[in-house]
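Common to both upcoming complexes is chain A, partnered first by chain B, then by chain C.
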Partner chain A sequence: MSTLHTVNKSPFEKTSLAACLDHASAGAAVLLMEDGVYAALTRTSVEGQVKGALDNLKVYALGPDLQARGLLEDRVIPGISVVDYAGFVDLAAEHDKVQAWL
Partner chain B sequence: MKFAIQVNEGPYQHQAADSAYFFAKAALEKGHEIFRIFFYHDGVNNSTRLTTPPQDDRNVVERWAELAEQHDLDMVVCVAAAQRRGVADEGEAQRNGKDATNIHPRFRISGLGQLVEAAVQSDRLVVFGD
Partner chain C sequence: MSETIKNFLYLNRKAPYGTIYAWESLEVVLIGAAFDQDVSLAFVDDGVFQLTKSQNTSAVGMKNFSPTYAALGDYEVKKIFVEKESLEERGLSLDDLQHLTWEDEDEDWAEKDSIHLVNRAEMAAIMDDADVVFSF
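So, the complex of A and B:
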């Protein structure tokens, strides 16, 4: 059983993504949502950090929040899965708890 | 599955009130149960019926109320957070000597015990906030 972590702040504004990645155990999932979706993009200063996390974590990005910011899915780092709200609900149900990094 | 939802952010602030709503809606559409939605901190501002956004904007309060009406949801507003922010029902207004109430009738004011109970009774507690 594992945890679903949610990160809703941009990594260029807050350190919640870094804190989350430091604490998440192998096999956990991280959902990037709201301004957190900026971390899902290629060609940013946190791309290496996020790609490194993909080695032992599953990373998801909330599609509607990418679209709301005009961010195209072809800029999402390969290995990150884009989900909608129904997918978010499934992730919350599949993991045994949900930890929000507010 | 039984979900409890906690909302810590007010409407029209960042996005948490919207995210929480869309999560709740998606969960209900998938056939899950929502045991309770608990509004805490600035989240209590989701419950004021005096909210009047521009016509072309979403009405966050009415949107919650409609979802609650459709699915008979229990929407609880933290009493201490509500008092601090001037959110009152009839009882609170009387107790505190205020001349008006502003809570939407689909919401009710209660204490933190309701959050603890929701966390205990539900399979998942999902928190949305700033």
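So, the complex of A and C:
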């Protein structure tokens, strides 16, 4: 049983990402989307938090939302996989359920 | 008619696209620019993300309004304050932002930078100095 967690809020404005990472079980997946993609960047004040999560969670970021915000993939933390909308659908299908952190 | 000029500060604290605040602020600034007032823009917290370069919204199906910031200079909006600490917390520097300019007609239309990098204390003073603050 594995869950896909989605986070769509900025980690600098809301606690959605922190709450998600505190509750996601080992082996679960976290998809950063919409303003959640800011958590995928290097050199931010939440980088350590996200890197720590990569030890036991799979972390993805939605490419179209990165591009919309002018965030290039070379700024994404190594270990985070960038996916497109089709990849999002695959992730949703591969996991038992999707849990949204708003 | 009184000719009182007030100092208006538009305070931007939200990232673009996730919510409508950034776009709404830009629209209000452009409408307000039609009235002869002293206008300043402040970008604080996630608001600094509004000014990033290379925004491309084709895959999300939303309007890319970021090129509009470059038009602000033509509307006499030439005081754009960006908070240094907000950039640093987000791993950004001025190089990650658009280069916004205005043309000074008193100096043979010399092109001048619109963006001024200020620290938190300076931003606080800018807020104190404003007659009216519009928050987005």
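The definition used in the following text is that the second predicted complex is superposed on the first by the 102 of 102 C-alpha atoms of A that agree within 3 Å, B and C clash if a C-alpha of one lies under 4 Å from a C-alpha of the other, contacts with A are read in each partner's own complex, and residues count from 1 in each chain.
In this section, contacts are C-beta pairs under 8 Å (C-beta built on N, C-alpha and C of every residue); 3 or more make two chains touch, one makes a residue touch a chain.
As the structure is a computational prediction, the values presented were derived from the model and not from experiment.
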Partner chain in contact with A:38 - chain B first, chain C second, else both or neither: second
Most chain A residues touched (candidates chain B, chain C): C
Partner chain(s) touched by A:92 [first = chain B, second = chain C, both, neither]: first
Contacts of A:100 with chain B and chain C, given as first, second, both or neither: first
Which superposed partner A:64 touches (first chain B, second chain C, both, neither): both
Contacts of A:8 with chain B and chain C, given as first, second, both or neither: both
Doubly contacted chain A residues - partners chain C and chain B: 8, 34-35, 64-65, 84-85
Residues on chain B engaged by chain A in the complex (per definition of touch): 1, 3, 8, 14-16, 19, 22-23, 25-27, 29-30, 32, 123-130
List of chain A residues in touch with chain B within their complex: 6, 8, 33-35, 64-65, 84-86, 88-90, 92-93, 97-98, 100, 102
Touching residues on chain C, where the partner in the complex is chain A: 14-19, 45-46, 49, 52-60, 62, 64, 66, 89-91, 96
Chain A to chain C touching residues, read off their complex: 8-10, 12-13, 34-35, 38, 41-45, 47, 63-65, 67-72, 75, 84-85
